[in-house]
Amino acid sequence: MPRSSSTATVRTGGAIGLLRQVAAHSEIALVVSLVVVIAVFSLASEYFLTVRNMTNVLGQASILLLIAAGVAVTLICGEVDISVGSIVAAVAIPLIAIMNVTESMTLGILGALALGLTIGAVNGYLVAYMRINALIVTLGTLFIVRGAVYLYTGKRAQADTAYLESFFALGNERLFGVLPYPALVAGVIVAALIWVMRHLRFGRRVYAVGGSAEVASLAGFDVRRIKFYCFLISATMATLGGILLASRLGAAVHTSGIGYEFQAVAAVVLGGVSLAGGIGSIFGVVLGVLILAFVANGLGMINAPTEWQQVITGLVIIAAVALDSLKKGRR
Amino acid sequence: MVEDLATPEAPQTGDTDAARPTLRVQGLTKRFPGVLALDDVSLEVRGGEVLALLGENGAGKSTLIKLLAGVYRPDGGTIETGGVERHFASPADGLAAGIKVVFQEIALIEEFTVAENIFLEDHLAGRFGRVAWDEIRRRAAEIFDRAGFDIDPEVKVKDLSISQQQLVEISRALAHEAKIVIMDEPTSSLTPAEVRHLFGVIERLKAMGIAIIYVSHKLEEIFEIADTCVVLRDGKWVSTRPTAEHDHASLIKDMVGREITDLFPRSDRPLGDTVVEVRGLSTATGLSDIDFDVRAGEVVGFFGLMGAGRTELAKAIVGYDPILSGEIRIAGTQLTPHDTRRGKALGIGLLSEDRKGEGLMLEASVTRNMTLAALDKFTARGFVDAAAERAQAQSFVDRFRIKLARLDQPIGTLSGGNQQKALLSRWLMFGLRTIVLDEPTRGIDVGAKAEIFALIDELAADGFAVILMTSEMPELLGLSDRIFVLSGGRITGSFDTETATQEAILDAAIK
Amino acid sequence: MAVSDTPPRPTLAQRIMASEHGFLALVLAVLIVVLTLSADRFLTPANAVAILHQSSLVLIVAVGMTFLLITAEVDISVGASLAFGSCVVMAVMNETNSILLGTLAGVGFGAAVGGINAVVTTVLRVNSLIGTIAMMMMLQGGVYLFTREAVQNHHQLPLFPKIATGYVLGIPVPAIIAAAVAAVGMVVLARMRAGRLALAVGANPSAARLSGYSPERIKAVAFVVTGALTGLAAVILTSLLNAGQPTAGTGFELTVIAAVLLGGTSLMGGRGTILGTILAVLILKVIDNGIIQMRWNQDLQIIIPGIVLILALYMDQRRRGGAGG
Amino acid sequence: MKTALKTVSALAIATGLLAGGAAAQEMPERIGYIVNYATHEWYQNVIKGMEDRAAELGIEIEVIDANLDIARQVAAAEDFMARDMDVIIMTPVNEEGVVPILRRAKADDMPVVLEGNPVQGMDVLVAICDYDTGYLAGVAAGELLKEEGRDTPRVMNVGLPLLSATILRSQGFMDGIQTIYPEAEMVHDLDGGGNPDRSQEVSSAALAADSDIDVIYGINDSSALGGLQAWRAAGLPEDDLLVVGTGAEGLAFLHEMFADGPFKLEAAMFPEMIGYTSIDTAVALFQGEDLPEHVVSPTTAVNVDNVTDFYSYDGESRQIQWDAVNALEAPAQCMKYASDL
């Protein structure tokens, strides 16, 4: 009798709900894949399963993780943002320039966020309010922002001359000498985003808009504003990634972030987010990013030629998406 | 019950005083470019009353509903609930004013759980917009308990049947203390058992003092459930009378404005050879062990309720879907399943129920839509002869009296009936001999319906084998020579039209 | 129902904006006029030839991509395929000393890549955006497994450089090849059954299937054609550079797709023309050329196309009455 | 890189190493090289030089390609550190972007040899002098034109403003040619992206604007060849053109030189030599030897008459001639550094 079972569910509360959510999002398969990847490379290389290497990978993956989580939000709301790679390069310029002048990391970060949010707002306005296809808008801003970066910098990296220890630490040092700060920062922010998407009304509305913009509109949501905010989120996440990267590089490097849009979309889709919108979770994206990062790192550890990384990454993505869509097709 | 469901903090503005209408609509008018969709319509409904809103397609029912829901804004007239004049900027305003519309296209987020959908509008969010999951689950279960719905609040909506999804929509009304629930063709997708259950639910809503506007064109239902009937025609109000003062004929007369006599012509249809033979057909889409034959020159009707397998059968026998077992022979040759090219070569084709999704190329011209299947006829060495194509299209436009301005206008700009005639031309131009028609008159106004019925009769008289999938009893009885009834993917009854009764057919359909 | 009341007769400006290609032609004309007035060497035969030359590689692939987008699919791997293809072309020519075999190998390679993309999309049912991004990654890695460095011209066949640098009646050979490809594409799309089916599949795949055509097959053909044309472009590129370049083609896919979209082809499928694509390629290349002619900063070469793309889509949106894109 | 910079020739290091340390001191076992762009022929030959030298010394060498992604380069350095390599050699994707990782390497006691461009906080750099390379080629070009009795040359520079090294080369070339022709003019200053397809494209547009050009200078061979291919595609006569390439990266410039066309001069930078020297420097650093900050690898301008002294060429492959390369004198100090820009 469903009624009694439903009351049971209510009583047992979160535990069963959580289990159901996990099962429903096929995140278990991703966790298993991640464990298999780690196990295989641990057997293949003695250096792989060390605290040093594991934490290294977390630090390295942190930038893509931030960017991919942001892109995932746009995909969940039924759009896409491929301008993120250019945003990564652009926001480092005010960050470094302001720090060099003011010696204040806070002001630098605010400057970076201001630029990032501006780009995000342009994307969001054109998509949500002008109703231009998101792929085209963000392809356009990808070109425009990258070109503006080249134009402004004269294609020279802008070095950090403020030498703030805190800024160096942000991208390069480790908490208690173990956990890289970028991993910590990305972890906290992405955890917050996971929480927002699961437990805040706003997050649920993003899913609703992606699931059916019409239903969302009937429920009284301002679909355009929600989409607009999604682009702000994606730009913010790319900005945070850009800040961490700038710290790791000690400079605003004009070529940084090229091609990140493809890596991010690949990781997001691998993590189970649907291109059609409304389906997927940020936690899945975390797993997708980690799988790709550990595969890349592991291949490096066994000294496989760099080009195999690309070939294998491509194969992993096709296999994952094909399995998923064939599974759905059979239903 | 009303008291039970009310949350303490919600002030009781709408009084249940029967003298005062819960909803009062006066002089409501809505204009679209070139069309006066709703013209000065007034009505009232009280708590505990079921008001049936009737009219043919295009009568203005859905415009009225959308105005009440806050989807559209009126060009004139007023809407009052609880004695207060309301101006809706969005559907949320409608709901806030106590009006909940259960649309035919269920407005739920499929990937969300039932409970989350019930509280979709606000997620019972507390401070900082935090979703109150436990509260949502608790309140959903509570609503289901009190309304007597058998639904697990934790299940995703996509895993529910249509009727269960409707109950979820109704639960949303209860969750929002709606005083007026509007149901738009709620039974069009339900099994008879589900219809009975829905009527029970409506009785309970009445008992709670909720006013119900029930939109339907199924007269049997109206007589069973409605207290009052409001009839619209061509956007205008026609009549408001207690149901008790109506009979079938009077309702139809109000709706149509004239007596329709010769809706279903029946020419002499000489029977030819057997052209369709289906044996032991089972599919992954739920059909099992289907057997039937169709001969040239006859119309074989398949009746079934929603989910009975009509569309699935249609798609299997033209080679659209794969099959699990069994065989399909067209004109004596075995059809390769899941290969429409083969089906077409054997002369069988489907006119889909889903015009937009599976029939029309909306932005393409009328000509190109009409000639799609027959393209090879106009092709020589890979080149399409545009002049021949146009000439052929024009001849069909003339023959079927398709109303259009130019042959190269986008087909999306035609009315539903003209679109349907163009799609039928697509197959006739190709020279099909066996045609499967799946709900051929869905969403088409009554005049165009009559033309399409005449066409179907003409086809059969010309020696076509016609397979008609329908959920409309009059259409089934009016057109078919023989009738099969589908239920749960099986054939549960077969009849000759002369001896068939509506009761027997329905009985088979709910087996 | 047909719109009955006739609107007031539109002005010339309105008609240009409303016509399928009027807007693009107008942009191109304005660009040419402005550049002619501001750069004295813009409107010269030599520069016209240079623009045609530069347009040809993009145009050849863009013709295929137009068909592909019309069927509602996309191929991101064309840039990587171009680079790999050029290495294959030169390697095969070095091996066989035959321009014909090298060309066939290049076209064959591209077609094979297109074939794999087709299988991944239509059989494995992977979204073509994702599938071809993955293919791009694999080709980028794979080309270095094939050759670590640029494949140099060891055959020294005298005719080979002429493919890219030769002239017939004063017109560069690549421009002639591109014109031929575009002309065939135009005829196929506008006049032939194959083009009509591509449009139908993009407009409504279920309707096409119910009408007795196989959307998968039509999409597969579009993938293979796009791939083969990429292979043809690779042959020209190899001749132009006199080497097989594993690093070539970076960002090529985005240029091609931007051109096709600018030309009015819908990302959602079912709508598009070759003439629009031709105009768009010319617009982008005239901008590119104009920036160098004006001696402006070359970085504007990626900024301005971005702006033009968004603007064009915005105009298109307005023209179609604001329906969701 | 101020005047205090000590510089010695690569030869001195190599000799010192062979004479003194190798037998007595502990050798590194594993060296990791992070190349910025392994797909470029230049770096192919650098790697070849490294592998040859490492094999001679019995050292295992591993190469990771950053593929122009600076973030990947930093990650690769982390990976090498995690794997306890003995020395890391790195060609920065961008000079500014590896400052933090160098600092971390230092904190981790990981010796790092930089190749190519100087970076703040580095221990040692192995590189050619880019400005000098361009300068020598400029002088040679001027002399060649003077011999032919030509007027003041007009130059098209197929450059790469992305990198300071390549800016220095272009500057050096113009300064060099102006020692012979003070009025020599740079008519086109282009960004060819360092790759042939882009170089070809921008050069064609520039030539369409103004094709009255006497000299095409390319900051590498791909750029020079891209410029030349654009010249050919424009159907311009090759008789009076002089093409000057830089790098002597692979086979392409040899093909062109022996084809007796306009490609008459090459600023040879001997990538194999750089690879060779980098390994020796890495060994010296590992062994704690006292090293100058800048180890200069020699360059020279070559023409069709003397190119075979440095590279044997049979039409299909080339072989570096170590005797001639080792005999080249490296300058004690470069004429101009990135810091002077």
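By letter and in written order, the chains are A, B, C and D; residue numbering begins at 1 in each of them.
Here, a residue touches a chain if its C-beta (ideal position, glycine included) is under 8 Å from a C-beta of that chain, and two chains touch if they have at least 3 such contacts.
Everything numeric here is computed off the predicted structure, so don't read it as measured data.
Of all chains, the one whose mean C-alpha position sits at the greatest distance from that of chain B is D. A straight line joining the Cα centres of chain B and chain D is 74 Å long. The geometric centre of chain A is 43 Å away from that of chain B, both derived from CA atoms. For the pair chain C and chain D, the distance between mean C-alpha positions equals 36 Å.
In chain A, the residues that reach two or more other chains under the touch definition are 155, 306-307.
Across the assembly, chain D contributes residues 38, 191 that each touch 2 or more other chains. Multi-chain contact residues, meaning those touching two or more other chains, occur in chain C at positions 144.
By the document's touch criterion, interfaces exist between A-B, A-C, A-D, B-C, C-D.
By the touch criterion stated above, chain A contacts chain D in their complex at residues 47, 50, 52-53, 56, 59-60, 63, 154-160, 168, 171-172, 245, 247-251, 253, 255-256, 258-259, 297, 300-301, 303, 306-307. The touching residues of chain C, counted against chain A in their complex, run 76, 120, 124-127, 129-131, 133-138, 140-145, 254, 257-258, 261, 267, 297, 299-307, 309-310, 313-314, 317, 322, 324-325. Those residues of chain B that touch chain A in the shared complex are 69, 71, 90-93, 95, 103, 107-112, 116, 120-123, 125, 128-131, 133-134, 137-138, 141, 144-145, 150-154, 156. Put simply, chain A touches chain C in their complex at residues 126, 130-133, 135-137, 139-144, 146-148, 150-151, 155, 262, 265-266, 269, 275, 305-311, 313-315, 317-318, 321-322, 325-326, 329. On chain A, the positions that touch chain B within their shared complex are 1-3, 5-7, 9-10, 13-14, 16-17, 20, 24, 199-202, 204, 207-208, 211-212, 214-221, 278-279.
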